[in-house]
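To keep things simple, chains are lettered A, B, C and D as they appear, and every chain counts its residues starting from 1.
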Amino acid sequence: MKKRNLILLWLTAVLILLAACQPTEQEDTINLPAESPAPGVEPPPGFADWDAVLQAAQGQTVNFYMWGGSDLINGWVTGYVADAVQERYGVTLNMVPVADGPEYVNKVLGEQQAGRDEDGSVDLVWVNGENYRTMRQAELLYGPFSEYLPNSIYVNWNDPSVANDFGLSVDGYEAPYGKAQFVMIYDSAKIENPPTTVDELLAWIQANPGLFTYPAPPDFTGSAFVRHICYHAVGGYENLLGEFDQALFDAQLPACWDVLNQIEPFLWREGQTYPESHTRHQELFANGEVYFDMAYNPAEASSLVENGRYPETTRTFVFDEGTIANTHYVAIPYNSPNKAAAMVVANFLLSPEAQLSKAQPENWGDLPVLDPALLGAEDQAAFNAIPRGVATLSTEELAANRLPELQAPWLTAIEQAWETAVLQP
Amino acid sequence: MPTRLRPYLLLAPTLAVILLLFGGGVLLALMQSVGYLPFLGRTEITLDAYRAILQQAAFSQSFFLTLWVALASTAVSTLLALVCALALRRPFRGHRLITFIFQLNIPIPHLVGAVGILFLFSQSGFLARLANLAGLISQPADFPAIVFDPWAIGIILEYVWKTTCFTGLILLATLQGVGNDLETAAQNLGANRWQRFRYVTLPLLTPSMVSASVLVFAFTFGAFEVPLVLGQRFPSMLPVLAYRSYVDIDLNARPEAMAMNVIITLLIGVLIFLSTCASRTKRCAVNGER
Amino acid sequence: MTKVELQQLSKQFGEVTAVSHVSLTAPDGRITALLGPSGCGKTTILKTIAGLLTPSSGDVLFNGRSILPIPAEKRNAVMVFQNHLLFPYLSVGENVGFGLKMRGVEAAVIRQKVEEHLAMVQLPGLANRRPNELSGGQQQRVALARALIVEPTVLLLDEPLSNLDAHLREEMRQLIRSLQRALNMTTIVVTHDQEEAVLLADQIGLMFDGKLAQVGPPSDFYERPSTRQVASFFGATNFLVGEKRGNVVETAVGSLQIAPNPIADGPVQLTIRPEHVQLVPADGRLPNQLCATVQEAIYAGTHTRLRLILGSDTALTLLTSPSAAKTVGVGTAVHLHLPPDHLWPLP
Amino acid sequence: MTRIKQTLQPRTLILAAIVVGVLLPFVPLLLWSVSFRWLYPSVLPESLSLRAWQYVFSPRAEVLSALGYSTLVALLVTALSILIGLPAGRALGLYKFRGKTAVRFLILAPTIVPTLAAAMGIHVLFIRYGLVDNVLGVVLVHLIPVLPYVVLILSGVFANYNPDFEAQAQTLGASAWQRFRHVTLPTIFPALMVAGLFAFIISWSQYILTLLIGGGQVVTLPVLLFSFVSSGDNAITAALSLVFIAPALLFLLATARYLSGNQASLGGFGKL
């Protein structure tokens, strides 16, 4: 009766695993750290003060919906962050990995449509840009809360790149999480002198057919690359700033499609298809099918070298005319039943300690969102001491070549137009 | 228990599940595709969603791609399954082992199959590296584009890999069920090898082949994971297109997703009705005459 | 017009010998029955003739020429299988015309011949039916028509009547008989039923355990069986051990006269069929009179079967009319007469 | 002589093609799972590493919890579908009744119509009644693709089933349960194993239904695997793929003899 044994074995395994999955009950033994909210800010709706938030948060579980495609980031969230909020605040953090941002936007929308206004399933989302705009405009977000978070005192809310998310004001509906900047990635063993401007890159592509491509928008990274070409083609981002304007769009953007269509025959697979995601593109680069990669994270190349996926000679560069940078955030859906715990997690993510841990290349390598000027001397020194990976540019070089993002409707329009003007022959 | 009611009572739980979950789901998809959802306060019926998707070039391209993939996968896998079943039909040394290997990929999820095909056939994949070692190609781009390609060969390969064994096992079971007496009888009546295959084995296998092909066709037409892993970004297969519309951040795309579902459902229904009718015409005609 | 000869035919399946050194001639235009208990190798011989099995040794000759090199589909030795084996996906007509289609005959010709042959087996107008819409007897006749249509050099029938009930058997037997006479076709029938073999065949080959026990016309098996086993198979129950000297056999119950016969002198077993043992008055006028005690009387409608004990332990069975049997109760002594021309010595 | 002849038969070539064709996709999976830095054009990994396996079995990767979820869902679906489908299989296989063709068609419909279409349609009701983001909802939605196969396989075995055996047992004094336990069950056991195998495998392999109804919170192995397929980490993807197929292979090993030896159960597919 081998079969019976097998089934028994499985049942046992399942029971053990289920037991392991149960949130560990931690009763009233937690000593809450002394924290006080940022002065002069109204407490978030439904809570009298920060203590009330901390009290309510105890024992709650936060379903944190986030892009789950990086084992490094997943590991940091389910490990370091989850352990810390459990230990300190009695909050259980449950990471829910999704393949794509719109998935959870749609999920909350679906719940709103079906009338689940009180007990939604999403408590915290990692968000920015179009998805933030959609959620905000559909009134799917809870807030304002973020400026009340105790650790928001380290955030420079006067910095427009933090206070505005792709041109839409944050207004306390999002808590900053990290910063990112676009970089180009290449293998120095194959290309000794990489192009340093968009023009040089375009020339290189035409001189080396089949060795370049970019992820198809709406992939986040591919979309950013297309914006760089558009900035270049319309003679600078200044021409596209401000509210979305269809007439301006129709007048300016054809120049961009022309450039993209010109290089298309020289792309990988002669531009008949594009990698459908950034990760697919990474694979092409890793295997030498294409000679350039790109990332909306300056430290990503270094960690890919670290875990053996990229050659050790991998390096990054930014265009002389600069590359696009943005801030990413976390936000709380309006129907989250665990808003207090979600705020506690958002607050922890903003802490110098968490930001420092996040910035370590072996943990994630994400750029900190805190203003060094608002930090204590000790924290400042710690941030300055973060080791850079072999392929990562210096903070100064990145900061010196920063371009702003367009407002989200521009992005949507560019992504949609790209499909018809470039992708579909 | 009254005897007349007995079968209905036995069927009740299954029918409840199928009618509520499946029937209800299809009905709700139909309702949502025309914008009718009374419990959400929407009672206006509109065909906008159908109009919208039928006007999209992307939809018709997706449709033809999906049809091509489903037809090609079904045809190739059925043919291969026939060859395999005939080869595995009679016992030989190692028969058990090879039959077991033949069954081996029945429990393998399509997702893993797709990963295997990806690792094997991508332009920098295992086979490309072997080709490079053999001096056939010098760089990845020289290797034929088999995954993420316009003809969806990678998707078809995965479906063929998985479904050949499924169809093959069904055919093998049918062959074992009918034995070889009828072929012996045909041989005795003067049928040579080819005639025995053409006039005895093949007709005996036809009902099973049609059934298996219908299952395979319907599955490949409606499947999601494999095109997502191995498919081109554009045009995408219909189910992927439908799911993308469904999870679009614009809720107005949902009726379009539902309309695509309804169209997929209708199309499969019609195609399968036609194919089963065609395969049974002969029998129908004969039955009609008497 | 084909004479079929089997020469020292043997067939082994692994360790098992199914047929052992069988030599038999099936005369041209006659019916030969291969008779024997199930598993004795009859069907193996039939399939070997058809070419569906290859003999381990020996030869099969048609009109004196070995046909072993000819593949089954070219041999034209057509077999009608026990379970009909009609193709379920073809109509009756398509089934009957199958062999002609295999030979590339024109469709119109096939259609015409199919109608003829269906009429021949008394199933006219059923061409468009499905086999599963027919009764067992009709299916059997379709199978027969399917075989006859290709004008086989040898017709091989495997238990053609076994799946039919008593009434249909009679009908089918007559049909086979009359068709065979009309077409004058060399036919080999396999059966396990001695009555069927006797009624159907011109010649019977009786087999036990893969070996041929006796070949000859049906009457031989009743009147001149070659062994006790053959006699038993044909219903003989009375055996008397004795010593033959000329036309007299000395047995435990006395010396018995027998008709002249070719069996050598020496130890023999005398056999006499129960229907030939006669009850007679004790007058001593007839030869071979014996005394016996009735042990058991079994009423069987048309006759009564009496079990008798002779002397100390010799048993005999006899059949008599029920009216005659009424006069003899169990335990009474009776006189028997064993007619000499019905006593047959077995070596 | 005969040996040589055998090896040159076309069938031998076909058999070789079967073995290679079935097994080939597993080769890069195995290699990738232990690779470290395996870039084109190396045919074998430049160096070996257990990084992927260590990650897969580390508590952070949540592979064990996904394995638990997958097993729980698949076993529940298997048990439930057999419980529900067994009577239906008996009714379809054993009885003649009015509307049988329609009922049969209805039960088989989910094998033809994509279940994703139905699942998207019913999603809104599942949200409304709290059947999303939990195991119960996922089990229910898995029943849609699983149940037709279970009923189909079981109706196949009941078509060749003689209920007189049960009557015989009843006259010998067997109670309803005893009749099921000692007559019905032993007779249908092989088909039951095949039905169980199919139910388990179909549930085990579901990705999109689980994602849709589980809302990303019921993280079964395919959901986890898919996020790694899209992450492009081939080593972890490969290791996870191997973890994913292992239990199904074990299940197949346990039931393979019922699959090949028993044409009644699989032959049912041919009678669709």
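Note that contacts are C-beta pairs under 8 Å (C-beta built on N, C-alpha and C of every residue); 3 or more make two chains touch, one makes a residue touch a chain.
Predicted model only: the values in this text are computed from it and were never measured.
K.L.:
Which chains, if any, touch subunit C and subunit D both?
P.N.:
Common neighbours, subunit C/subunit D: B.
K.L.:
If you average the CA coordinates per chain, which chain's centre is most distant from that of subunit D?
P.N.:
Result for the farthest chain: C.
K.L.:
Please state which pair of chains has more C-beta contact pairs than any other pair.
P.N.:
B-D
K.L.:
Using CA atom averages as chain centres, what separation in Å is found between subunit A and subunit B?
P.N.:
38
K.L.:
Whole-Å distance, subunit A centre to subunit C centre, using C-alpha means?
P.N.:
Averaging C-alpha atoms per chain gives centres 92 Å apart.
K.L.:
Distance-wise, how many Å sit between the C-alpha centres of subunit B and subunit D, to the nearest whole number?
P.N.:
16
K.L.:
Would you mind pulling out the distance in Å between where the CA atoms of subunit B average out and where those of subunit C do?
P.N.:
That gives a centre separation of 57 Å.
K.L.:
By residue number and range, which residues of subunit B touch two or more other chains?
P.N.:
40, 124, 140, 246
K.L.:
For subunit C, jot down the residues that touch at least 2 other chains.
P.N.:
In subunit C, no residue touches at least two other chains, as defined above.
K.L.:
Which residues belonging to subunit D are in contact with no fewer than two other chains?
P.N.:
Where subunit D meets two or more other chains at a single residue, that happens at 40-41, 124-125, 128, 226, 234.
K.L.:
Where do chains touch, given as pairs?
P.N.:
By the stated definition, chains touch in these pairs: A-B, A-D, B-C, B-D.
K.L.:
Could you please specify the touching residues of subunit A with respect to subunit D in the complex?
P.N.:
2-3, 6, 10-11, 13-14, 16-18, 20-21, 63, 65, 68-71, 74-75, 78-79, 94, 96-99, 103-104, 107, 110-111, 113-116, 119, 121, 277, 279-280, 282-283, 286-289, 307-309, 311
K.L.:
Under the definition above, what is the set of subunit D residues touching subunit A in their complex?
P.N.:
Residues 35-37, 39-41, 47, 49, 51, 55, 60-62, 64-65, 67-68, 71-72, 75, 123-125, 127-128, 130, 132-133, 215-217, 219, 223-224, 226-228, 230-236, 247, 250, 254-255.
K.L.:
Applying the document's contact rule, which stretches of subunit B touch subunit D when the two form their complex?
P.N.:
Those residues of subunit B that touch subunit D are 4, 6-11, 13-15, 17-19, 21-32, 37, 39-40, 83-84, 87-88, 92, 94, 98-117, 119-120, 124-126, 128-130, 132-133, 140, 161, 164-165, 169-174, 176-177, 207-208, 211-212, 214-215, 218-219, 221-225, 228-229, 239, 242-243, 246, 257-258, 261-262, 264-265, 268-269, 272.
K.L.:
Taking the touch rule as given, give the residues of subunit B at its contact with subunit A in the complex, in rising order.
P.N.:
Touching subunit A from subunit B are residues 40, 57-58, 122-124, 139-141, 145, 148-150, 231-234, 246-249, 251.
K.L.:
Of all residues in subunit D, which touch subunit B in the complex?
P.N.:
So the residues of subunit D in touch with subunit B come to 6, 11, 14-15, 18-19, 21-29, 31-32, 40-43, 83-85, 87-88, 90-92, 95, 97, 100, 103, 106-107, 109-122, 124-125, 128, 140-141, 143-144, 147-148, 151, 197, 201, 204-205, 207-208, 222, 225-226, 229, 234, 237-238, 241, 244-245, 248-249, 251-252, 256, 259-260, 262-267, 269-272.
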